[in-house]
Amino acid sequence: MNFDFYPFYLSIKLAFIVTIILLILGIPYAWFLSTTKSKIKPFLESITALPIVLPPSVLGFYLLFFLSPNAYVGKIFYELFNIKLVFSFEGLVVASSIYSFPFMIQPIQGGFESINKNIIEASYLSGKGKLITLFKIILPNIKPSLLTAIVITFAHTIGEFGVVLMVGGSIPKKTEVASVAIYDYVENLEYPKAHIYSATLLIISFLVLLIVYYINHRKKIKSGIGY
Amino acid sequence: MNFDFYPFYLSIKLAFIVTIILLILGIPYAWFLSTTKSKIKPFLESITALPIVLPPSVLGFYLLFFLSPNAYVGKIFYELFNIKLVFSFEGLVVASSIYSFPFMIQPIQGGFESINKNIIEASYLSGKGKLITLFKIILPNIKPSLLTAIVITFAHTIGEFGVVLMVGGSIPKKTEVASVAIYDYVENLEYPKAHIYSATLLIISFLVLLIVYYINHRKKIKSGIGY
Amino acid sequence: MSYIHINVSKNLFGAQKNMKLEMEFNIEKNDFLAISGESGSGKTTLLRIIAGLEEANGEIRVGDEIWLSNTNLQTRDIVSCGKDKEKTRKRKGKDKDKDCNVFNGLWYKNRFLPPQKRKIGFVFQDFALFPNMNVLENLLYVQKDKKLANKLLEMVGMKNLSERYPNTLSGGQKQRIALCRALMRKPEILLLDEPFSALDEKRKEELQNEIYFFHKEFNLTTIMVSHSSTEIYKLADKMIEIKNGKIIKKGTPREILLKTRGSEKFSLKGRIIDIINTDIINIAVVSLGSHIVEIVISQKEAEKFKKNDEVIISTKAFHPNIKGIK
Amino acid sequence: MSYIHINVSKNLFGAQKNMKLEMEFNIEKNDFLAISGESGSGKTTLLRIIAGLEEANGEIRVGDEIWLSNTNLQTRDIVSCGKDKEKTRKRKGKDKDKDCNVFNGLWYKNRFLPPQKRKIGFVFQDFALFPNMNVLENLLYVQKDKKLANKLLEMVGMKNLSERYPNTLSGGQKQRIALCRALMRKPEILLLDEPFSALDEKRKEELQNEIYFFHKEFNLTTIMVSHSSTEIYKLADKMIEIKNGKIIKKGTPREILLKTRGSEKFSLKGRIIDIINTDIINIAVVSLGSHIVEIVISQKEAEKFKKNDEVIISTKAFHPNIKGIK
Amino acid sequence: AANLTYVMPEIKKAFNKKYPNVKINLVLSSSGKLTAQILRGAPYDVFLSANMKYPLKLYKAGIAKMPPRIYARGAICLFSLKYKDISLKNLDKFNIIAISKPKTTPYGKAAIEAFKNAGIYKKIKSKLVFAETIPAVFSYVKSYADVGIVAKSTIYSKNIKSLGTFYYKEINPQLYHPINQGIILLSQKKVAKEFYNFMFSKKVKNILKKYGYDTM
């Protein structure tokens, strides 16, 4: 049986890029949410969670509208960067980022809200600005939440499918990620192949997660945190 | 236009029940994960995240087999409780619970891992056992994480679609939840109807979330926590 | 047989490489035992072992209850512990009955009473108040006795603050609430870890009196970690001093603390903190514990002493004058 | 012009309903100012306002830098602050320049220097060490100066513990690291919030000497919250005592603490903590601060006094005997 | 459309025999999704649907120059893994009957029509479960449904062997409107046209027939 590894490569690449992008966008946004005393906070929090509420295919349908070069958002991208956001890998990245946004924000915000404010103050009084404090003090001290956010986002982007299929259109070597490929095999009644692909996806994901958790486990034992 | 409210009712009922079930199962399991010093911890953590890695339709496909009364798991349920786990609302509950499991576990575990151990000890020394300590001390003090877990699980179950579609068989008034209904309208090119249903789903979800966040916001201001 | 028998050991990371905490002592019922010793010597750890918050080897017996029994078995005793018991150490929290476990490769007989079953009140060095509850709720969590709670809050001068959340309290206020919370349980044994460290002297004195009163009134057995000799002398009947995890002095506070005992002279050890030379006289400012006195000294003495010298101040008179203040 | 000028006010929740913190005072360069006052009187809050961790109204000026300026504008001054500035209070942290904001419905001129730009070292009452870093990393985070870090650790006797994480330290050990971390910044102004509360007396004395040395050596201006008169007398040149958020005494420690000043008699205030009657003599055990002395008293006195009486101990001799210890 | 899942690979092979240098990418998805995508500029050249509705929509939207054409007519049949004796008449004996969604799939719509015309709809209405696509009907039958209504073409696919032994029975075509499957040409590329025309060649017609489609 010919085994095509490319969809897996695409899936992992997609999940990786989306996780990185959402980390970069999510940390400041979550920080803003967790520190603002503004009354609009509950509104923003609720809106942040909304992308998960829509069924992925439906969200994908709307994204397809907004991201296509005929539409406003897609047009800007197209004209500024010459990137088409539909039926392209870049499009998958943007669409998955939107869909997975809440999965990244919420755990991080939870972490920020339960951190001991004293150590943040202590960092300022050590002469460090907000940025260094964020990276050296705050983020290391919310590691369980950060890990949750990264793992959920990564795993979810790997498994995501409705949005990806809609916006990407399963073009081989471009937007046909593993989840789409497996779906096609199931649809095609090629069950044995579907089983093998599913197992491969599970094993790869399991190994990635295992490494992440194992490193985390070791570090924690060393620093005596959490025991 | 005839507007059918039933799918929304089913969606919310499903999300509500799944959230409750996962809270009940998730809290002890997350507690176990966060306190165990066993070496298998990283394994368990990785396995816990796996249901999200498979595309929902594919997971639904496998669940369809495991849960059907012809199969082992489904059989047990059928014989013990006379409940069929496919093409029934109960089946949706079980399937969604499996799929949403990681979304509940991970944030709660993160919360447990960052709680100040001293207050747990203080509770024991106040003569309280583990159960009371859990409910009165631990859970209230990981509220941001708990909230994250509940919101993600709830929202995700509302939006879940692949698993539900596969295991439920979209039977009107029984397993045809809102996400499935909206999907059908999009499929059928009935865009105006799809827009209205989507908007309704978004508005309902938004209101539910807003109430949750608003109450949380008020409480926090009162107790001075987090400021 | 003493009321409390303690014989425990535990390996700690000490300031000088690894340090082994090893202590054996008895406490009688209604004793007020003070523990002093330098920072990092193992005082807090000892209290935590007694409370059941920390694992240790050895034995703790209170009355006729075994709180901890973790003694190395002889090979011949192992018979009753199957290989499958290898994991019983994990279950310790639950099992009251005789059990066996492996620790550092050796078999131990194991009894462990979980903290919540030990009738103790514990005031933590870092307070550990419940942040999700206000002051009153913190107390009522221990026991739904509103009258007692109000009485205790009154006693520490915090009645007005009963609806405040711990996050909005000052250090000393937190410490007082922690004390109240420990007393709410009407414990038989009270463990205090530097319970007055964050308080001003007036408040400290008031609270010391209240604690002493409680100790007597409710027939408590109290163990207090403290750095202050006055506090210890005033409150405790017994004291131990520890260093590097070992007991180095044991006795009554009188025996250990009273430096002038037996001397007929009234004398105090102090330290010169300043010498002031005016045209006419020389004054030495001497610190005597928390007191500061000025003593007129001769020109010769002024030349002899310098700042920071330790000195003994005494009078030749047999009877120092002692006079009541209203 | 003084080095530091402080004139601030802030509404707090006090022990008796609401309490307003209102303080105005100056500090000269290289002063060592002590702040004392009962628990909950606003000492920590004052330090936090100086450090910029807490909002307040008023002014703080250090040298020629304005750290805080938050003064109520006259109506005619508002001209330059448009309606759109209503939200500038939020931006305070960033803007060094003149700005305006609304607080309690009034317009304020606003300058606020963020904490990280204020050259201060702060020892927190609850230490606030970084749990994700070991002891050495905690120090090096402030400044990559390994030599200084090692010197400071040596000084507080914690060189051996430099690889330990804060979670595994004792209370006193944490406090010492917090002190070292504050000094790592080579601050111009050092703020200490009960920096010796968790230490035994020997260690306390050592550290006090070190702090004093640092203060002199590096020309620091130091503000210390403390409950101990000896500590204050020993270290500080100036002191203020506060109560309910207001300054009630201001002066040198000599003026405020020396109770026997001007008296020719050597006399100490104490409290009887025990009266022991033997067949032959009666002994009063008197606590004088952290000292405890036994004084032989007459039968008549023994009947007159009872436990807990406050007494003054003095001698008729003009010269108490003062004798060096080795 | 999803029902073409099984026949397309063979048509592709035949096409490649004639034009060896052309590489065809098959994108299999539901017609609704594909229509939405094409409306938003999906780079597809030819669109084959299971009915005429979707291609017509595209034509009306001005995406295609030529109106859609019917390239085949589909048929439906009863399918079961457990029961040999299946027919519309005894359908009410079974507990669970899986069909594809009548609202979104022409095969499901045809099934309902057939039930109604056979006068059994009311009796079996409560036994119906709805699958998103024809392949999902197989999944349902494989797991717990007693009978399914599937596209006749799928019975001839080689992949169906993975289900083991099965039973099927055609449904009388008189009972439902013919399932006209439409094709529409989306681009002006030469190869696209070649493929479009190829779909009406004798060769393809034979293949389609082999898979149980009716070709005119």
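Chains: A, B, C, D and E, in written order; residue numbering restarts at 1 for each.
We adopt the following convention: contacts are C-beta pairs under 8 Å (C-beta built on N, C-alpha and C of every residue); 3 or more make two chains touch, one makes a residue touch a chain.
Predicted model, so just to flag it, every value in this text is computed and none were measured.
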item	value
Any chain that touches subunit E and subunit B	A
Least hop count linking subunit A to subunit C through chains in contact	2
Chain whose mean Cα position lies farthest from subunit A	C
Inter-centroid spacing, subunit E versus subunit D (mean Cα positions, whole Å)	83
CA centroid of subunit A to CA centroid of subunit E, Å	36
Inter-chain centre distance, subunit C versus subunit D - centres from mean C-alpha coordinates, in Å	25
Chain centre separation (subunit B, subunit C; CA means) in Å	48
Set of subunit A residues in contact with two or more other chains	57, 61, 141, 186
Set of subunit C residues in contact with two or more other chains	126, 168
Set of subunit E residues in contact with two or more other chains	33, 36, 136, 139
Set of all touching chain pairs, with the criterion as stated earlier	A-B, A-D, A-E, B-C, B-E, C-D
Residues of subunit B touching subunit C in the complex	116, 118-119, 121-129, 136-137, 140-141, 143, 223-225
Subunit D-facing residues of subunit C, complex	13, 15-17, 36-40, 43-45, 125-126, 157-158, 160-161, 164, 168-173, 175-176, 193-194, 197-205, 209, 227-230, 233-234, 254, 257-258, 260-261, 264, 266-269, 273, 284-297, 301, 304-305, 308-325
Residues on subunit A engaged by subunit B in the complex (per definition of touch)	34, 37, 41-43, 45-47, 49-50, 52-59, 61-62, 102-103, 106-107, 109-111, 113-115, 117, 141-142, 144-145, 147-148, 151-152, 155-156, 158-162, 179-180, 182-183, 186, 194, 198, 201-202, 205-206, 209-210, 213-214, 216-217, 226-227
Residues of subunit E defined as touching subunit A within the complex	2, 5-6, 25, 27-29, 33, 36-37, 40-44, 133, 135-136, 138-139, 154, 157, 159-160, 162-163
Subunit E - residues contacting subunit B, complex	30-33, 35-36, 53-54, 57, 96, 98, 101, 103-104, 128-132, 136, 139-140, 142-145
